[in-house]
Amino acid sequence: MEAVEKEIRNDADASIMPIEIGPAHPAMHGIVRFTTYIDGEEIIDMIPEIGYLHRGFEKESENSRWIQITPYTDRLNYVSPILCNIGYSMAVEKLFGIEAPRRAEYTRVIMGEISRITDHLTCVGAAAMEVGAFTFFLWFIKAREYLWELVEQVTGARLTTNWTRFGGNANDIPDGFLQELHTRLEQTKDILKECDALLTRNKIFIDRVKDVGVISKEDAMSFAFTGPMLRACGIPYDIRRSDSYSVYDDLDFEIPVGTVGDCFDRYLVRMEEMWQSISIIEQASDKMPAGPVILDDRRVSFPDKKEVYGNIEGLIDHFKMVMDGHQPPLGEVYMPTEGGNGEVGFYLVSDGSGTPVKCRVRPPCFNYVAAMPYICKGEYIADIVPIFGSVNMIGGELDR
Amino acid sequence: MELKVKTVKRVDGFQEALYLPAIFNGLKLTVQHFFRNLLGAKDVVTIQYPEEQRPVSPRWRGRHRLTRREDGFLKCVACYMCETICPAQCIHIDAGDHPDFSIEKYPVVFDIDELRCVFCGLCVEACPKQAIRMDTGVIAMAYSSRKRFDYTRDLLKDTYTPNQRTKYTNIPLPKTEDEALPNSRGIPSS
Amino acid sequence: MDVLIGILLIPTVQAVLKIFVIIFALVMPLATVLTLMERKWSAMIQDRVGPNRANIPFLNNFRGRGALHIAADGLKSFFKEDFIPEGADRFLFTIAPYFGFAAAMATFAIIPFAGPIGDFTFQITDVKPGLLYIFAITSLGVYGTVLAGAGSNSKFALLGGTRASAQMLSYEVFIGLSLLGVFMVYESTQISVIVNGQNTYWFGNLIPKWGVLTQPIAFFLFFTAMIAETKRAPFDAPEGESEIVAGYFLEYSGMRFAAFMLAEYIALVGVSVLVVTLFFGGYHIPWLHLWESAPQWLVSLLQFMKFTIFTFFFCWLQLQIRWTVPKFRFDQTMALGWKKLLPVALGNVVVTAFIILIAN
Amino acid sequence: MSTEQSIGQLTQLLQQQFPKAIEGFHDHRGDETILVDRKEILAICQFLKDDERCKMEMMIDLTAVDYINETPRFEVVYHFKSLSLDHRLRLKARVPEDDCHIDSIHALWMAVDWYERECYDMYGITFTHHPNLKRLLMYDEFEGYPLRKDYPVDKQQPRLELREVHERYDYERS
């Protein structure tokens, strides 16, 4: 690299050209800048610069109550907000040492997997769009719309869901939701099949993604890749199985893995994961137990509205809950959950007061962007597009 | 459940190397869509926004409203619960005494800065008097001046009108205010 | 009156009139309509409705299903600031768009649009070299992209310009090679000879000797190569809107940008016209000669309609392909050309030569 | 910190290997946690990565916590995950405010590079021997360390002059 540096500094005719990809560039999904050094079309080196979307999630969290952070987690990964909601709530539940009721966990699984599908739909669609398959993208967005309307039916918002609470969920699924879910899933399946036929076997597409952006197993582990990126390298690491949180133990699904670890594998793994998620949702909706969706525990949940309106104890509890906030016991936990594109882990430190001492989210795409120079070196400048598409960078999560 | 692994199939054989079969397959699909939509727009999912509005879920968290008693006076007792729990700190309340003794306190000022609001719905959950609600079904507020987003008490004061814009006919709409309650126990309201 | 007819009979005047009619009554409207059609048709493929918002406020917000967008786009690009970036070569930057425009237009000079009525031909000129003229002219189009890329003082534009020039120069070769078979079959490069050659039949009056039947491989090669030559998807790496933003015309705005856009659509029409002329019998309607009592004007009209419909169909097909397939990477475009199309084209020439040799 | 007196396997192992370096441990909610001496952090991480019984292939997360009322003030927190042996470990090291540095472990895992930069950016903890310890999320001219507890949440930073464009093209990389 020093040779390159010298060449640039001293030689006006050096064939190495720096070029700024981003921050505002059609291929940059969020706002991120890659100062790329190219020799002709080949990438010699790349310096990523992030932080354009830094909103101080951790600082804000340390100055908020525990419950007030939940809306903030929606904005971390804005293509699969519910998965971050679930991750945060489960971390706080771990801190309290409680578990949500079964029905709440099953609805969380359903909503979480819907979110995972929307995440993959956005990611794969956007990556395909950038290699020119615009129709594919818009058909995927159509499918995502079907699913987001489901999310809206349950949570009351499409993106800013704020749906989970500590020890359960804000509200139960509405009547008739499961039938609606079934029809929407059928529509989504049709679109998935159609899009699969449109693109997966197209040689032009295969050429663009095959053997592009290869990363080996060892390097992927060293970069702490998780989720589809690691699975594409051939390692069946899925937190839903390895740490088996929630009720995933009752549900049967396969973990798709790739063999080479290139963009094609990542694409295929994500496509297969959507099918697996659909199967998980179908199983979970079949097994859905009856019961409450939030714990009746005065430490963690608001009392029932009927009690609040009806008797003085309920009102007092409610008042204390709002005014003092949740007060988890002293301690620290790290709760990993499987997010849309990898391990979303919340590291929480509580000193027993109403605000967290530390609320750290471990963003999955942070490592991917850190590895971008490593993956991109030696590829062509046009390959940034499929590589960065398959990396699935989410600005909110990366910069927090 | 045991860990099941499935290796994805990388299809890249002779048939793909010919380019044309896949392109013809793709063309078949796109042409199919093209003619279906040319002759009657059968698959079109676009919503022509200002004229045609997207039906929203009955749970949609839209603009706030302050509910009223039967005699028309505000239900709010200025207890500051919503102001306390609001993550965006967009609610401002000033309490005042009311000459009528049946009403202990009432909000002299109740401002919501809708630009700061993150529409999380925590205020609705925190309210012990079901005085604040977000069921107006107002999706987007767009004004040309920032001042108009400062909703004051009298702008928020509202009586309940059932949200008509829903197409989910399988989910019954709440007919009364009691039915439209946020239900933290998770028992469906209908 | 006699003087007027006398003037009209002068070949130069006729040619100028034809140029005006063909450009302003046929090519330009078709290209302009295509700019809208591309958006509308792609919307239909993608389950959208496409542009439909431009309206006339005085006429009860008349929208015309989006047809007004043509006028709106034209007006907009006309009134936009004509921006020249700092450090750009003003001269090159200014003339670059018109090279592509002129090259795209020149294709139509030798295309017959309908059969002749008496001495009057529906063709501006029937030059002897015929297609060689087209090769020469389309090569000129590369100057537009190169000058635009070099003159813009932008790295993205420069990359786009170099990509475009390499791609266009390479694909010239395959265009020539793919048509070699056609020349051999019809024994001429002159357009009128090729077109009339396609009006002959095998087995009595059974199957017309259309180019697509005599030279099917050449048709695929030529169509592919022409799409690449005009930088349409899937060969639009020079524009590469996802990695190098817009390529060579990144810095253009206003009417100059519109010139690039329009040149692209005119080239698209040009490709369709050439394909119809060379491979689909030109203006000839098969088996029409069996209707011997047909008046000449009706025959010409029908021929013109057939030609237009076929042209329109190929324009549509190109757009449909664009919205179906992803894009090639730049080096893959070149590899496809040199490693796959070139051997096939050469093989096609050899096989054609053999068959002609045996048949004679 | 509440300590539960069950000693995990890894804790035992580390106690054998580095008897002096272990300052504390706990097993709160099943997360095995070891507090170590910051001087030994590189050796311990090397051991965790290479030893057959640990095999920590992944450094999942690195962050710091600011305990403003305690001394030493900061605590650097490492999370490790072993894929082959399927266990997790949390390692913590205390760093005092006045001598705010700890050894960098960037040579062991590639992911560490950015995590340490982020931690430096947010807390001002210097990772010695890190090859490129620059701010990551914040811009270079940012004053102070935003995640320290004594940095006010509503503090405003001065506006910057626009940097010259050619400055960016300087090829600064080791």
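First chain written, first letter: the chains are A, B, C and D, and each begins at residue 1.
Everything below uses one rule, namely that a residue touches a chain if its C-beta (ideal position, glycine included) is under 8 Å from a C-beta of that chain, and two chains touch if they have at least 3 such contacts.
As the structure is a prediction and not an experimental result, all values here were calculated from the model.
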Topological distance between subunit A and subunit D, in contact steps: 1
Between A-C and B-C, the pair with more C-beta contacts: A-C
Subunit B and subunit C: spacing of chain centres that average the CA atoms, whole Å: 51
Between subunit D and subunit B, distance of the C-alpha-averaged centres to the nearest whole Å: 41
Chain centre separation (subunit A, subunit C; CA means) in Å: 46
Rounded Å distance, subunit A centre to subunit B centre (Cα mean): 22
Touching two or more other chains - residue numbers and ranges from subunit C: 45-48, 323-325
Subunit A residues counted as touching two or more neighbouring chains: 135, 142, 198-199, 202, 204, 242
Chains touching one another, given as label pairs in label order: A-B, A-C, A-D, B-C
List of subunit D residues in touch with subunit A within their complex: 1-2, 28-29, 31, 33, 57-61, 63, 65-67, 77, 79, 81, 83, 86, 88, 90, 109-111, 113-115, 118, 122, 136-139, 146-147, 149, 151, 153, 168-169, 171, 173-174
Residue ranges of subunit B touching subunit C (in the complex, touch as defined): 20, 23, 26-27, 29-31, 33-34, 37-38, 41, 43-46, 48
Subunit A contact footprint on subunit B (complex, rising order): 1, 3-12, 15-19, 21-23, 25-26, 29-30, 45, 56-61, 79, 81, 84-85, 87, 118-122, 125-126, 128-130, 134, 168, 170-172, 181-188, 190
Subunit D-facing residues of subunit A, complex: 1, 4-5, 8-9, 18, 20, 35, 37, 45, 47, 50-51, 54, 56, 58-60, 62-63, 94-95, 97, 219, 221-224, 226, 235, 237, 242, 329-334, 336, 343, 345, 347, 349, 357-358, 360, 362, 366-367, 370-371, 374, 399-400
Interfacial residue positions of subunit A with respect to subunit B in the complex: 64-65, 67-72, 103-104, 135, 142, 145, 149, 152-157, 160, 162, 168-172, 174-177, 179-180, 194, 197-204, 206, 210, 234, 236, 238, 241-242, 248-260, 264-265, 268-269, 271-272, 292-294, 301-305, 308-309, 315, 318-319, 322-323
